[in-house]
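Chain nomenclature is as follows: A, B, C, D and E, assigned in order of appearance, with residue numbering initiated at 1 for each chain independently.
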Amino acid sequence: MSKPTKHKHKKHRYVLPSPGSSPGMVFIDENSVEPHINLYIYNENYYKVEHLENIEGLKQRLTDKTYNYWIEIKGFNSMSMFETLTKDWNINKLILEDITRTYQRPKYEEYGNYDFAVSRMLFIDEENGLENEQLSFILTNNVLFTFQDKYEDCLDPVRNRLEIGKGNIRIGGSSYLMYALMDMIVDEYFTVLGTWSEQLDNIEDRLFEKPDKTIMFDTQLIKRNLITVRRVAWPERDKMNDILRTDSAQIDEKTKVYIRDAYDHCIQIIDMVESLKEISASNIDMYLSIISNRMNEIMKVLTIISSIFIPLTFIAGIYGMNFSREDPVTGKVLPQNMPELYQEHGYLYTMIVMGLIAVVQVIYFWRKGWFK
Amino acid sequence: MSKPTKHKHKKHRYVLPSPGSSPGMVFIDENSVEPHINLYIYNENYYKVEHLENIEGLKQRLTDKTYNYWIEIKGFNSMSMFETLTKDWNINKLILEDITRTYQRPKYEEYGNYDFAVSRMLFIDEENGLENEQLSFILTNNVLFTFQDKYEDCLDPVRNRLEIGKGNIRIGGSSYLMYALMDMIVDEYFTVLGTWSEQLDNIEDRLFEKPDKTIMFDTQLIKRNLITVRRVAWPERDKMNDILRTDSAQIDEKTKVYIRDAYDHCIQIIDMVESLKEISASNIDMYLSIISNRMNEIMKVLTIISSIFIPLTFIAGIYGMNFSREDPVTGKVLPQNMPELYQEHGYLYTMIVMGLIAVVQVIYFWRKGWFK
Amino acid sequence: MSKPTKHKHKKHRYVLPSPGSSPGMVFIDENSVEPHINLYIYNENYYKVEHLENIEGLKQRLTDKTYNYWIEIKGFNSMSMFETLTKDWNINKLILEDITRTYQRPKYEEYGNYDFAVSRMLFIDEENGLENEQLSFILTNNVLFTFQDKYEDCLDPVRNRLEIGKGNIRIGGSSYLMYALMDMIVDEYFTVLGTWSEQLDNIEDRLFEKPDKTIMFDTQLIKRNLITVRRVAWPERDKMNDILRTDSAQIDEKTKVYIRDAYDHCIQIIDMVESLKEISASNIDMYLSIISNRMNEIMKVLTIISSIFIPLTFIAGIYGMNFSREDPVTGKVLPQNMPELYQEHGYLYTMIVMGLIAVVQVIYFWRKGWFK
Amino acid sequence: MSKPTKHKHKKHRYVLPSPGSSPGMVFIDENSVEPHINLYIYNENYYKVEHLENIEGLKQRLTDKTYNYWIEIKGFNSMSMFETLTKDWNINKLILEDITRTYQRPKYEEYGNYDFAVSRMLFIDEENGLENEQLSFILTNNVLFTFQDKYEDCLDPVRNRLEIGKGNIRIGGSSYLMYALMDMIVDEYFTVLGTWSEQLDNIEDRLFEKPDKTIMFDTQLIKRNLITVRRVAWPERDKMNDILRTDSAQIDEKTKVYIRDAYDHCIQIIDMVESLKEISASNIDMYLSIISNRMNEIMKVLTIISSIFIPLTFIAGIYGMNFSREDPVTGKVLPQNMPELYQEHGYLYTMIVMGLIAVVQVIYFWRKGWFK
Amino acid sequence: MSKPTKHKHKKHRYVLPSPGSSPGMVFIDENSVEPHINLYIYNENYYKVEHLENIEGLKQRLTDKTYNYWIEIKGFNSMSMFETLTKDWNINKLILEDITRTYQRPKYEEYGNYDFAVSRMLFIDEENGLENEQLSFILTNNVLFTFQDKYEDCLDPVRNRLEIGKGNIRIGGSSYLMYALMDMIVDEYFTVLGTWSEQLDNIEDRLFEKPDKTIMFDTQLIKRNLITVRRVAWPERDKMNDILRTDSAQIDEKTKVYIRDAYDHCIQIIDMVESLKEISASNIDMYLSIISNRMNEIMKVLTIISSIFIPLTFIAGIYGMNFSREDPVTGKVLPQNMPELYQEHGYLYTMIVMGLIAVVQVIYFWRKGWFK
């Protein structure tokens, strides 16, 4: 029996807060990378990307209200950056903690002159399997900050659309850009679920062709991943709903029509997850019933063979006994001992009896349907 | 053991949005068919169907308020058609996206001077099994648009009623026609569920007569289809409720009594789905207990046969041993070796002992109830 | 093994609407019986039953407000009767559809000058098992209509009370009579559940005495019937609640105290159903664990017998080998071949060794607890 | 295998209303006992118990508002008593029905000048197992009636506290006494759950030491009893909540602080029930996995023994064949028949081969981990 | 098969109220320890800890409003202490009961001039496994009381922060200190869950490497602990919510931002618990399927060996029969008895036939995939 290759289930460990640390403390993980900062300046007719070394003094530069600004921060390994955010931009420390402790649930919170939001990017990485990363947003008038801990993400299509400038993306203002990024992330969920849906179809095909024990492992792996998606999609839906219902000044009313669309997408995601979970469960049920059936088949083979041959062997054993007609020591003659052995057609009759026993049993098992 | 024929589970793949595409973009699937457009003009006394090549300039024609108009569009493969809808009819782009991405949940949305609704048609196609298609509605005063991606549907009875003109259908206005179509679709769910209900009854009969492993596959297939219906019926119910509670100018108050009826039907559908799911589950439980029982039966046969004959064979084996009373080499006489073989009725006694052992075992198994 | 008798699970098929038929169309099933109409005229001091041929012109007769009238209609096979209801009594066509399509959920609806309600009668018929029939009510001032498709029902006790005239029944007005009928129906649920509760107790007893596979079938049958009751009891409860909260002129305020009592009964029914479902599930769990245990017992017998006798048979087999001490062809003497056979106490020692092996194994299995 | 002793699962049958009987009819069960009536007269400084024969004329006696009165009625077998309640105390007949049909859920209802409440006493009786009895309350100003069908209950500690007079019990008024009784009943639930919690711990210990099939029965019994407690605790909680929210004149505001405490206790009960249910389920899971594991062990023993000795027996069988080197009839010499039997070390070599086969198999099974 | 070491599942028994005791009675468990009282006096610039013998007269000392006071009470074995609380601080007796009966659910209650709250500390003790202890709070202006029954807790980090004085902790007032303690406790839940998450990963690894029956026990143990956490986390979340929504004068508005953060943490805890529960369930499913698969493997070995060798042994048995060609008694010659034994190549042919049977069976099993 082939051993299943250890499945690549990426364990999504939590970066736990060190218990008892002060709330509102920026937490920089030892694996954090150097911040990589891009400043996108754009409006309907203008587009420019600048790479920045740090964000000091940036606030003073971003005064022209005819432009929108997207400050994209990747990597948190710079204490001074967060200090600047507190000092220059007056961001609450609890928010900075939420940004750096990247295990937040999706949420949307208003803080007066800025809004804070968290999305979770799920995307499949060739090497590591499902990636589950946090993208945090701070939205304040025409400035949008995004924060992510690693360089990899799934946001390039939005960056491209921003560069090309087609559609609403340069016209809609900063809240539209935030929506576009959030929607991109939700769209990526569809891609992820699509991959697993295909894998489940493959597993189903294998169930019919050659069910082996990897089916169990593979299905369980998908089931766990589905749990991850569901855990993300429900608060994501709530977040969209919160944005829909807010009357925060940061969120453009025109953007809300789009948010409602994204809200619908979240519901579809939850729907798909539930369906895929039920399909997984049904695959597992099927697999377990296949194992049981197979056991039945194995036992049938054993029982048929044993039931036929054990009694026959017994008969053969009887006529292999050495009961003697004449005691070699005393010379006494005992013709009543095993006279069958000396009958004219004793062997033939024995073989016929054996054959009959076998035939009767075969018929019995046949009628029980054990040969089907 | 017969192999189950691969079941025809139509995989309802999702036409996924290409992630990162602009929201509100019309999506034309590569399998989309050429649009096939019918214009129904009718009132209480008048009925006419026109086949149209395109919908350009249509708005200018449909000005007579004494008629109702139903513009039926099948097939989306025409970009210009959607552009006309935006230009002439002023339809929001997000709606056009929803129409063309045919994986929407049933819903009802008001957009001021028109309403938008989605129904999902479920019907059983001889070849492909369960079909799950989207019918989208745009309702604006006395004009009703319907959109579907394929030519096949389950709406002919409504078309016939419209032609014959009996009942309310030509009097009730466009919102009544929309209701009639929606109700037709929900009624079709009953037909679909009826088919499966019958199949489940058949499976139940097979459970009693000849349970084999196709039962598992067939039941699982029905279970999945039931999941599809439930996923459609819940939002369908919500949609009906939304229409009931709206005060949109598009929905005639008189139509609402009928909508309430359709709402009741949705609840009955959900009820039936839950019942059928429980029956499926109970069939599977029954099947698994039958497998277990069968295993018990198989093992009983093996155990009875083995337990009786293995000890007997052992006894036969003993008297088949060649312990000798006289060493042929040394000539030493050993009368204590296997004296039974030379006793007067050794063979008879042995056979009696064997018979007794067998009888004792048969009685033992009989009293354990293993022969029942 | 005894074959379970095919259980009498009455399949509650739905009389499906022919899809696409106009809403509000009276539906007369092909099995419908001729209407059988009784008119009960009563007040505190008066009681009379009249058998009617049809209900034409009835409205004109029932003008005396000092009497209450109950028009009991059994059997729907008369189109003209329904037309009279529409014409004379001005009943909405959708209601007539609901009356004739007898798969409605319990409900209560107000239509201005009359109220409409549906109850579902559940009662056990000796022959057919659980009957699930619809009783529809139209209540308008001092006139109560009831509609049922078949002649059999469970309402005789109410008819008797009405005739005898004890208690509130002739004083309480038409809404009290409606309550009395509804309450009778709910009381009958208790009887039905009581029957199953007893059957479940019997099944439990059989689990202890002689568990066989009919247990599974019988329990599943009860489980399905319980699902039917639950599907009826929940909307029944909602119906009672709706009547409690209505301010319809048809419902006497004094009757509401009684309705609240009936509402409590519904909750008790739901409670009992849940309990019985849990007991069914627990019986099934128990049965499955008994099957597993029995399998273990069977395997233990096989393993003990085989483990003891197979090695012994092997030893007997060794000494049954014909290795020869003297080649009969060449005459060569080989005293090293099987010297045990010619030892003085070879046979005795062999038997002792065999006995020891058996004893060791018995002790081993004993200590493993396999004999318990 | 030991047979489990039939467990003492007291079947809580329902005293069903005879269907169709008038609502509001007092129901006296045939097993009802003669009423046993105590009148407690008490205030802060006074305490007296009187045994009464009947309650006629009692109302006229209980006029002194400086005392509180508790009329405790045990046993319902007196129609006249209930008639007095209707006549003198003006109690609604539906309430009397609820009192005598002792299968009510816990509830609290206001009827203007008196309040009605139901509690369910759960306590463990040495002989009968779990008792589930109804205690009904009628509270009207400074008079509290309690009704119970049997003499046994779990209320003695409250009677003692009332006699001793410590704490709030004589000061708090009649609504406090009602609370004290209700709280006593809820406290008794803790005792009951504590007993089962201990039993579950014992079962868990047996799972580790000697798992046998009584585990299944005992756990299922506890599970059913837990269902009973849960069915009582939920409406009990709702009742407490209803009392908390009422503005009935019967309930002293000061008592409500205590009711809130009792409400908390109900939630803790529900909590404990859920935990114990999960522990039961986990015990059953564990037991089933132990059965499966044991089956594996049994099969391993069988397979190891059979796999080793069946091939060896076959080899012994070969050399037990009687192929002859010389036809005794024709005298033809056939030295090619079974020459191994006549080789110099034929026997030794055979034994070595057999030993090798056994060793190889033992190693094979060892490496498969079957000896662990 | 190795026996699992009895797992250290600490049974969380409830200290049950002695039923019938007066409500509001302080309950001192026989295992209660002597109270150990610390008074922390602090403000932004000042910090001092005093060890107190008792709390008599304390109220008179704590009058300086420029300081905050934390009175930490560990151990309840002093009736006089509780009396002082009633007398000096006017604390409701029901609260003292809740403090001393340490099985309360987390809750928050306002009592006018003080607030009462309960948290449950969960932490893993090396020796005893999961500890589940109650920490009760009484908050009144600038004085915070905490009560715990044992000396051990998980609050040292907060004490350290208070001593060091960094961050908000000395500035935020008494309600902030209460928050800090509560948050510390919730943070500790993360640590606890982290430990189990790691253990579940280990179990998963063992599933792949050497699945044995300890997996079941270990997973069930974690599952039960998870139930404990969930039972604590839900009311903890509700408590935070209650504090958020209160307008009690005791709770500083500025503290509420932090409480909202702690509320988020509670939701994350519940989330994690659900995930870990699903992972546990999936591990158990996996384990059970591994057992089933292993059974299949065992049975395959048995069936292959038996099916091949039992028929062969039968053939060997046939040729071991002693049918004789010449009756030693009568001297009659019977050449038709077992002529195969005397054929020229009888032995060779027999061996070939046996080999063929074996080969056919091996091919049969091979094609069935039983060797994989």
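Definition applied: contacts are C-beta pairs under 8 Å (C-beta built on N, C-alpha and C of every residue); 3 or more make two chains touch, one makes a residue touch a chain.
In this text, all values refer to a predicted model and were calculated from it rather than measured experimentally.
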item	value
Neighbouring chains common to chain B and chain C, by label	none
Path length in steps (a step moves to a chain that is touched) from chain C to chain E	2
Superposing rotation of chain A relative to chain D, computed on C-alpha atoms, to nearest 5°	145
Inter-centroid spacing, chain E versus chain A (mean Cα positions, whole Å)	25
Whole-Å separation of chain centres (CA-atom averages), chain A against chain C	40
Where chain E touches two or more other chains at once, by residue number	292, 295, 299, 302, 306, 310, 313, 317, 320-322, 338
Pairwise touch network: line, ring, star, complete, or other	ring
Chain D partner contacts - residues on chain E that touch it in the complex	1-2, 4, 6, 9, 11, 13-14, 16-17, 19-25, 92, 94, 103-105, 107, 210, 212-213, 216-217, 220, 223-224, 227-228, 231, 284, 287-288, 291-292, 294-295, 298-299, 301-302, 305-306, 309-310, 312-313, 316-317, 319-322, 325-326, 333, 335, 338, 341-348, 350-351
Contacting residues of chain B [partner chain C, same complex]	154, 156-158, 160-161, 166-169, 180, 183-184, 187-188, 190-191, 194, 197, 201, 204, 208, 257-258, 261, 264, 267-268, 271-272, 274-275, 278-279, 282, 285-286, 289-290, 292-293, 295-297, 299-300, 302-303, 306-307, 310-311, 313-314, 317-318, 320-324, 327-330, 332, 334, 336-338, 369-370, 372
